[in-house]
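Next, two complexes with subunit A in common: one pairs it with subunit B, the other with subunit C.
Up next, the complex of A and B:
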């Protein structure tokens, strides 16, 4: 099952949900990379993520690295507590731009 | 009788409506059609009228000397087999009777209605050869259908005349003729539709109606492929069914797919005339036996001698070929399965080698105060640990976990382990070492893969550890059964950002232990429960009385399942302050 991608104010918003593990991280990667390769700025809505493992985090890292080398924006929004614990423990909160909510990022404009 | 007449009248009207449809639908104007053989048609029409006496009829025939000569020649041929030779038209009219005369005149007139030069590039002899096959096939069906043999022959000969007219009207398709004649009847009709936007039966009906050909013949020409032929008079419907069967029988000798066509012909004949397969084969054989005689009678050429036995042999050969290809298919499948097993075995061997190479990356020699353990969930692991002693007695160590699983994780693990071994001997500052590894891994990282890693230098003489962590789960410091403190990562994993700084922390062991582990241990199950932080601390406490090596084994023993496996790669490194009297 793929992850939905929505268009909002010039961003492609990839909505992750449930477990983003070895079986589903290829879908997450596909959704993120497809939007970035169209040269869209990408926000990943992680409010409904119950669990994320290192392969899921790798999908985010790949998106982050691709965006950086192509001068695109890549950020995470509304990261759930479960996902935030993983990111914090690995100090990835220092790496990704993280916004409390999608609206928070959209409110500041492009 | 009145009923038959009414049905005929209805059929005539139906045929005329269909003809008009054909003209409007395909833009065919009656004036586009070839000119009818007027004298012959006058004869045919006279034959159908009850008020025409035999003398009048003879006079009408005699009016066309070419037709007369040909009529006498054909009538006297062995194929039509008159009891005695006829030498005059008057005699022919008497001996043959109206119906046979009508049929003969029709055959001759239609044969000559379109000359080869009317359709440039078209092999008209080949068309009439095929028509003759149908005529002879139709004649062979006289007995099972209970119809007159000459009547059957005439219908068979003329049933596909529409095709000739189609090429006359659209000669640009002449190149497709061979393809058409090699196709079985249904496929041929579909092909006609695709090429001409109409079919030979539609055009045949339009022509027969326009020329005023007898109604029974027009119906057979126009309806032999239609399922609604039953609407016609019973006799005409029977002619339509006969024509369809004749079409299939002739196809046996013309189509590429002999086997399929023979099978289909047997079915069609059985359906319409309740014949058995043997009956059908016998009828097909008859066709070949009387074909040359018919050709000679009609003054037509046949290019190939046809022999049903030979056709059967071809069909059977095809059957053998099909069987052979089935056997070959089975053989290929077996070979493919063998190859798959072989490749799987090779792959297994390769994985085993990869596993051995990975194991060789783990420390081979034991050092006092340090013990490690690595269990992999798959053939190869994305986790590793390593340590080696420096000349001054300090021990450089690391423990790492590559994101993802499988071969790609194992390859990155091998690279990271080699870099650690290589660079670690010259750089004893763990933070600096991680920064170097980070840049190296970042340069070649693919698909966002990263490595969480703890690196450190353990000084056994001072019971001190200098530790740096790149996004790795916290190291735990314990003294006896008491948890003292956790050392979470101060920097993100390796391979993400080339400019990351990795701070060092100093851990004073104070007679205690430092535990480094991968998340495979945190999430390992003991019974139904996953360990997580508290469970891990409890497990470590429970075995704290054992020396490091034995403790590592005991911890592993607690988390493996019944078959000795683990869900995720799992790695543990224990660093113990073994100084006496601390």
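Up next, the complex of A and C:
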């Protein structure tokens, strides 16, 4: 099952949910990369994520690198404490633009 | 700043459940009636001197040695009754960092770490490579993926083995003698790393060691084995205040000659096969 992508204020918002693990991270990767390859700025809403493993995080890394290479914006919103712990361990919390919520990022405009 | 040992509260059903386990090697008993449980997020250290049975216990937990009696449940599954396919599924949830690293010398560090992903998943090549590099970053080996195992120091080998053991995000990690052969500073760094990984990933760890300092730093609970039997299982504080003489001898590293079973001793000396 894929992940929904919503259009909001000039962003493609990829809404991840549930467990983003070995079985579902390819879907997350597909949704993120598809939006980026259309040259859309991307926000990944993680507020409904229960668990994300390394394969899910790797998909975020790949997306972020692609966005940087193509001068696109890429950010994470609503990252849970559990997911943040995994990002911190790999020091990726210092790499990704991370916003407390989707609304917080959208409030500042595109 | 040092990380505290019990930063999280272990919860839920036991991830490892060992009941009345007995095992022999070439007919000689090496484990007798061993029972222990490890809960989610818990670091259980198995301690004991040489010949105490801790390596055999680890081999039984990994399904590498068939016990004479008792059972081992991992994630609720009795491993004694598993078929090959069921074992393969269960193994994806487990990571093992062996004492000597057990890296393939013909492969680079990066290829070694990536190997479980190639074997067990169909992830995109880029995803696998990023996952491997993330795990190498976690163990402070970022940028060393192109080195060959022979080019690594002892501490780096241990960390590379840990990265490989973690690459599939296991729920349960076995670590055999993490501090063995390392100087005290490198060993302390590795202990700190183990705690950070446990705290971030909420995994359960079974760590086999004979290093007291390391055990006291990382353990939520310690099981002390002696001559194949459990002397006690408890927290570091409980161990320190234990009134069991043999436990105190292990903690203070004092030597006491064990009583000699003369019959068995003579049999060992004279039982020569022509």
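We take it that the second predicted complex is superposed on the first by the 110 of 110 C-alpha atoms of A that agree within 3 Å, B and C clash if a C-alpha of one lies under 4 Å from a C-alpha of the other, contacts with A are read in each partner's own complex, and residues count from 1 in each chain.
One rule holds in what follows: contacts are C-beta pairs under 8 Å (C-beta built on N, C-alpha and C of every residue); 3 or more make two chains touch, one makes a residue touch a chain.
Computed from a prediction, not measured in an experiment: that's the story for all the values here.
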* To do: Could you check whether subunit B and subunit C clash or fit when both are placed on subunit A?
  => clash
* With the two structures laid over each other on chain A, which partner does A:91 touch: subunit B (first), subunit C (second), both, or neither? -> both
* To do: Could you say whether A:22 touches subunit B, subunit C, both of them, or neither, answering first, second, both or neither?
  => both
* To do: Based on the superposed arrangement, let me know which partner A:100 touches: subunit B (first), subunit C (second), both, or neither?
  => neither
* Does the superposition put A:57 against subunit B (first), subunit C (second), both, or neither? -> both
* In the superposed arrangement, does A:48 touch subunit B (first), subunit C (second), both or neither? -> neither
* **Footprint overlap on subunit A, where subunit B in one structure and subunit C in the other make contact** => 22, 29, 54-55, 57-59, 61-62, 89-92
* Asked: Which of the residues in subunit B come into contact with subunit A in the complex?
  -> 401, 403-405, 445, 447-450, 452, 470-474, 488-493, 495-497, 519
* Structure fact -> In the complex, subunit A touches subunit B at residues 22, 29, 54-55, 57-65, 89-92, 94-95
* Asked: What residues on subunit A touch subunit C, complex-wise?
  -> 21-22, 25-26, 29, 53-55, 57-59, 61-62, 82, 85-86, 88-92
* subunit A touches which residues of subunit C in the complex? -> 121, 123-124, 126-128, 130-131, 134-135, 137-138, 167-169, 196-197, 199-202
